[in-house]
Amino acid sequence: MDFLNAIVALLNFVVIPATSYGAQLALGALGVTLIYGILRFSNFAHGDTMAFGTAMVILVTWAFQSVGIHFGPLPTALLALPFGIAITAALVLATDKAVYRFYRRQKAAPVILVIVSMGVMFIMNGVTRFIIGVGEIRFDDGGRFIVNANEFKKATGLAEGLAFRSTQGLTILTAIIVVAALFWFLNKTRTGKSMRAYSDNEDLALLSGINPERVVAVTWIIAAGLAVIAGTLYGLDKSFKAFNYFQLLLPIFASAIVGGLGSPLGAIAGGFLIAFTEVGFTYAWKKVATYVLPDALAPDGLAQLLSTDYKFAVSFAILVIVLLFKPTGLFKGKAV
Amino acid sequence: MSSSRNPYKDDRGNKDRSITKSGGGELEYPTKGGKARPAPGGPFLAAENMTGGYGAADILHDCTLTVEKGQIAVIVGPNGAGKSTAMKAVFGMLNLRGGHVKLDGEDITALTPQDRVAKGMGFVPQVNNVFPSMSVEENLEMGAFIRKDDFRATMEQVYDLFPILKDKRRQPAGELSGGQRQQVAVGRALMTKPKLLMLDEPTAGVSPIVMDELFDRIIEVARTGISILMVEQNARQALEIADRGYVLVQGANKYTDTGEALLADPEVRRTFLGG
Amino acid sequence: MNLRNLLLFGFVALLIVLEGTTTAFGLFGGSWNTALGILNMGLISAILALGVNMQWGYAGLFNVGVVGFVALGGLAPVLVSTQPVTEVWTTQGAGRLILALLIGLAVIALAIVLYGRLRGRNRTLAILAVLIGGFFLFRAVFDPAVDVVESFQPATHSNLGGLGLPVLLAWPVGALFAAGAAWVIGKTALGLRSDYLAIATLGIGEIIIAVMKNEDWLARGVKNVISIPRPVPYEVDLQRDPGFIDLAASFGSDPVTASTVAVKLLYAGLFVVILLALIWASEKALNSPWGRMMRAIRDNETAAEAMGKDVTRRHLQIFILGSAVCGLAGAMIVTLDSQLTPGTYNPLRFTFLIWVMVIVGGSGNNWGSVLGGFLIWFLWIKVEPWGHALMGLITSGMAEGALKSHLQDSAAHMRLLTMGLVLLLVLRFSPRGLIPER
């Protein structure tokens, strides 16, 4: 019984939260890694693209709610998602035309594009705050739980309850669908293959008649879509706050780099690795330990390895350790 | 000093792999190309009186290269003679100050490399000539990117020509050996069904056995009616299969004759073929 | 210094003078107090920009963790100049805490030694064992000591306090702190097979700030440290000083205004001395053989390496120097504010804004960085009131309502937008910056 309780506690406080957080990081990192692969730079504006897109989703959600449109047991934000993606994709494409394209034509050094993306980051940051403010916003509605802790306790007779929030379930499900669709697109469609070809060898892609502007545009649209989905899922799971999204940049970059920049598979692996280590290191293991260990060995304190405030430190430490042993990341990225 | 460079290209020596990906392309985008004009008559490929270079100094001086239909033309010459540059000039990767390029009765001097591909030129660069992370089959598919028709028959022809590629068609091209990678590169260029295939040192870095094998395949390709223009370091072997040979020195034609005649020319043998 | 550059500096000076003297068109504040406030932070911004310019301009090193070095420098005034909390300097308090930190260092040192000595699976296992064992040992010694320190008068202290030394001493110490952190980061990130400095600095920046927010025993965390000693007299003391009152009267000013202006001027004097010294030193260094070598490496690393230059070592050097300058500036900011508030260390403000200064001023040019520092700081301060004024103008015709109040409330965010716009415009139309590198 104690063992079962321990497993339930572990699922409840580590596995489920880490999986949904990992899915959110993976989606974010996929966007970063795609831009890196095709446009050859790390997009510092990605966190703010997520923030902007989520803000748009929130606005549309509010509009739906105000006219009484709901999505049954699911969050209304899901209905708003396509609109948010469309608006964000339009903004990102406009940014590309107005800003990035010039440097592409100049064959500018990628590091210049990184600095350019800093400027875009400032602007997007300002625009998002301008539109929706800096406060914390919760916008999840619909059913709260797939599995409720009390009902679970009653049904199983265990002391430990299992709570599986619908936003977490939704996050994991959406992430699986999105990732599957992305991989199908990249590996099976003509456009997807042309993107991989362009990422592999730009000149040869040009000589094969692949239109670079089209590749770049499709990449931006996909990256915007991934950013808005990741941002909305994160916001549903936790809450929306513009500055938090900016700060997600570090774990997202860390995920993409740990996995191997430019490798979509790596971005997913990196996202989950970072999420599980962050949650694992900052979870207070006392509960699990008391169930599993004999009383004499039970810990006195919280058995928390690090305070949650140090979760960035964990992502960073994992990053350094992986790079020390595998300089190009887990899945051989485009480095070196 | 950095100030003389294009400021947009000035990376200040930054090589940070966590934010930038190296090895971008060098080709210009197909934005400023002109149109082809009819120019009937003359050889199948006639790149005549080409003069030009990358910067202020010319590399090519009045250089002329011609290939007839289904023939093999080989460019040889010492290091730095402008062999690869001449090839790039034919393909439109170099701005010419003088001269013109005609292919199959059309003047294509104003076209971009991409447009030349559509006109029937296939180009195999010396290095970076495959998509390393993509499978052999995907490489071939990308070669056929501009084709709207069914290209499966062409792919079968490529597999017949290079049977090893069929066995390895699911494997990433980057994991193949040097010789096999060259086969992928040639196969990719053949996928557009080019009228003229241009090869920049196809045997660079491969063993002599693989080199002979590659040359055999190139002869086979020429027999199907495709003209071949290639640059070679292994001058003697290349001239043996050449219908036409060009010896370039300092960007200008030094000797031009059939491959056989050049091999027989004592002057050419002494100076360029090591006796 | 050609005429154009002099004019640019003259323009910035004019902006500050206008801010002090006129309220023309509602663009300026018309107060010497705010003008000198802008000048002082402008001077510090210029120093920060100099530091980043050393790294980016002269070595192409991409530091996106400036905020971390600034924060670390800011720690120095607290640790150097505040009074020690003698009550916690006991064996069970400070003594044990310091022992824990030494244990932590020893564990890391041991892991590094093992990394160098062993190979293969043994190495991985040994390092893991040392790190995990060391971590628990560290926590076992560290946690009780922290409890002792932090439970002492939480409302006012809960930290170790400082050494009670003059605050000016904290400036070089702040630079040393930042240099130490830079050494560790540089050793790790530049030592990897490819260069991962950007992500490393981004990460360390966040970690330093997390530590400063959470480790109350160090500098009270988010409870802030206030009343850090000053290197200049206090306003109230000046206002009581008859000599000063006479002096103020001779300028026709009341003692209160005169005292705030005088204090700011004294700070400005100190900062100007530091800034000039730094410019002199970096100009001197850049025209020395060392500086020529740095540029040779930047312009052609392969050739420099072929000539036997140790590129990684030079990069490490300049990274440490630039970071030290940022740390110095961080200590100066805390001294100017007389308080340490870790919650205010925002990467947008202390990392990316500094980058805007460097790029706008002119990468690779010290005078450009200084100009960028002043100009961008002036804009950063003034765009907010300008935004409010502009929004007021735009919304003046609107009916009262949610949209109008939303627009007026949002005007504050105009500054981020403006900074982005300035950066993009300069990058596009004047990619070398306002004062290009020669």
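The letters A, B and C name the chains in turn, as written, and every chain counts its residues from 1.
The rule is short, and it goes like this: a residue touches a chain if its C-beta (ideal position, glycine included) is under 8 Å from a C-beta of that chain, and two chains touch if they have at least 3 such contacts.
Note that the structure is predicted; figures quoted are calculated from it, not measured.
Participant: Please identify which chain has its centre, taken as the mean of its CA atoms, farthest from the centre of subunit C.
Facilitator: So the chain farthest away from subunit C turns out to be B.
Participant: Whose Cα centre is nearest the centre of all Cα atoms in view?
Facilitator: That would be A.
Participant: Quick check: how many Å separate the C-alpha centres of subunit B and subunit C?
Facilitator: 55
Participant: In angstrom, rounded to a whole number, how far apart do the mean CA points of subunit A and subunit C lie?
Facilitator: 30
Participant: What is the distance in Å between the mean C-alpha positions of subunit A and subunit B?
Facilitator: Taking the mean C-alpha position of each chain, the two centres sit 44 Å apart.
Participant: What residues in subunit C touch two or more of the other chains?
Facilitator: 60, 62, 194, 196, 198-200, 431
Participant: Could you tell me which residues belong to subunit A and also touch two or more other chains?
Facilitator: 42, 111-112, 114, 253, 257, 335-336
Participant: By the touch rule stated above, which residues of subunit B touch at least two different other chains?
Facilitator: 8, 11-12, 14, 16-19
Participant: What part of subunit A is in contact with subunit C in the complex they form?
Facilitator: Contacts found on subunit A: 42, 99, 102, 111-112, 114-116, 118-127, 129-131, 133-134, 246-247, 249-250, 253-254, 257, 301, 305, 307, 309-310, 312-313, 315-316, 319-320, 323-325, 327-328, 335-336.
Participant: In the complex formed with subunit B, which residues of subunit C make contact?
Facilitator: Touch residues, subunit C against subunit B: 56-57, 59-62, 194-200, 295, 297-301, 363-364, 431-432, 436-438.
Participant: Spell out the part of subunit C that touches subunit A in their complex, as residue ranges.
Facilitator: 60, 62, 115, 124, 135, 143, 188, 192-194, 196, 198-200, 202-204, 206-207, 210-211, 213-214, 347-348, 352, 355-356, 359, 409-410, 413-421, 423-424, 427-428, 431
Participant: Taking the complex as given, what residues does subunit B use to touch subunit A?
Facilitator: Touching subunit A: residues 6, 8-12, 14, 16-22, 24-27, 29-31, 113-114, 117-118, 123, 125, 128-134, 138, 141-143, 145-146, 188, 192 of subunit B.
Participant: Give every residue of subunit B touching subunit C within the complex, in rising order.
Facilitator: 1-3, 7-8, 11-19
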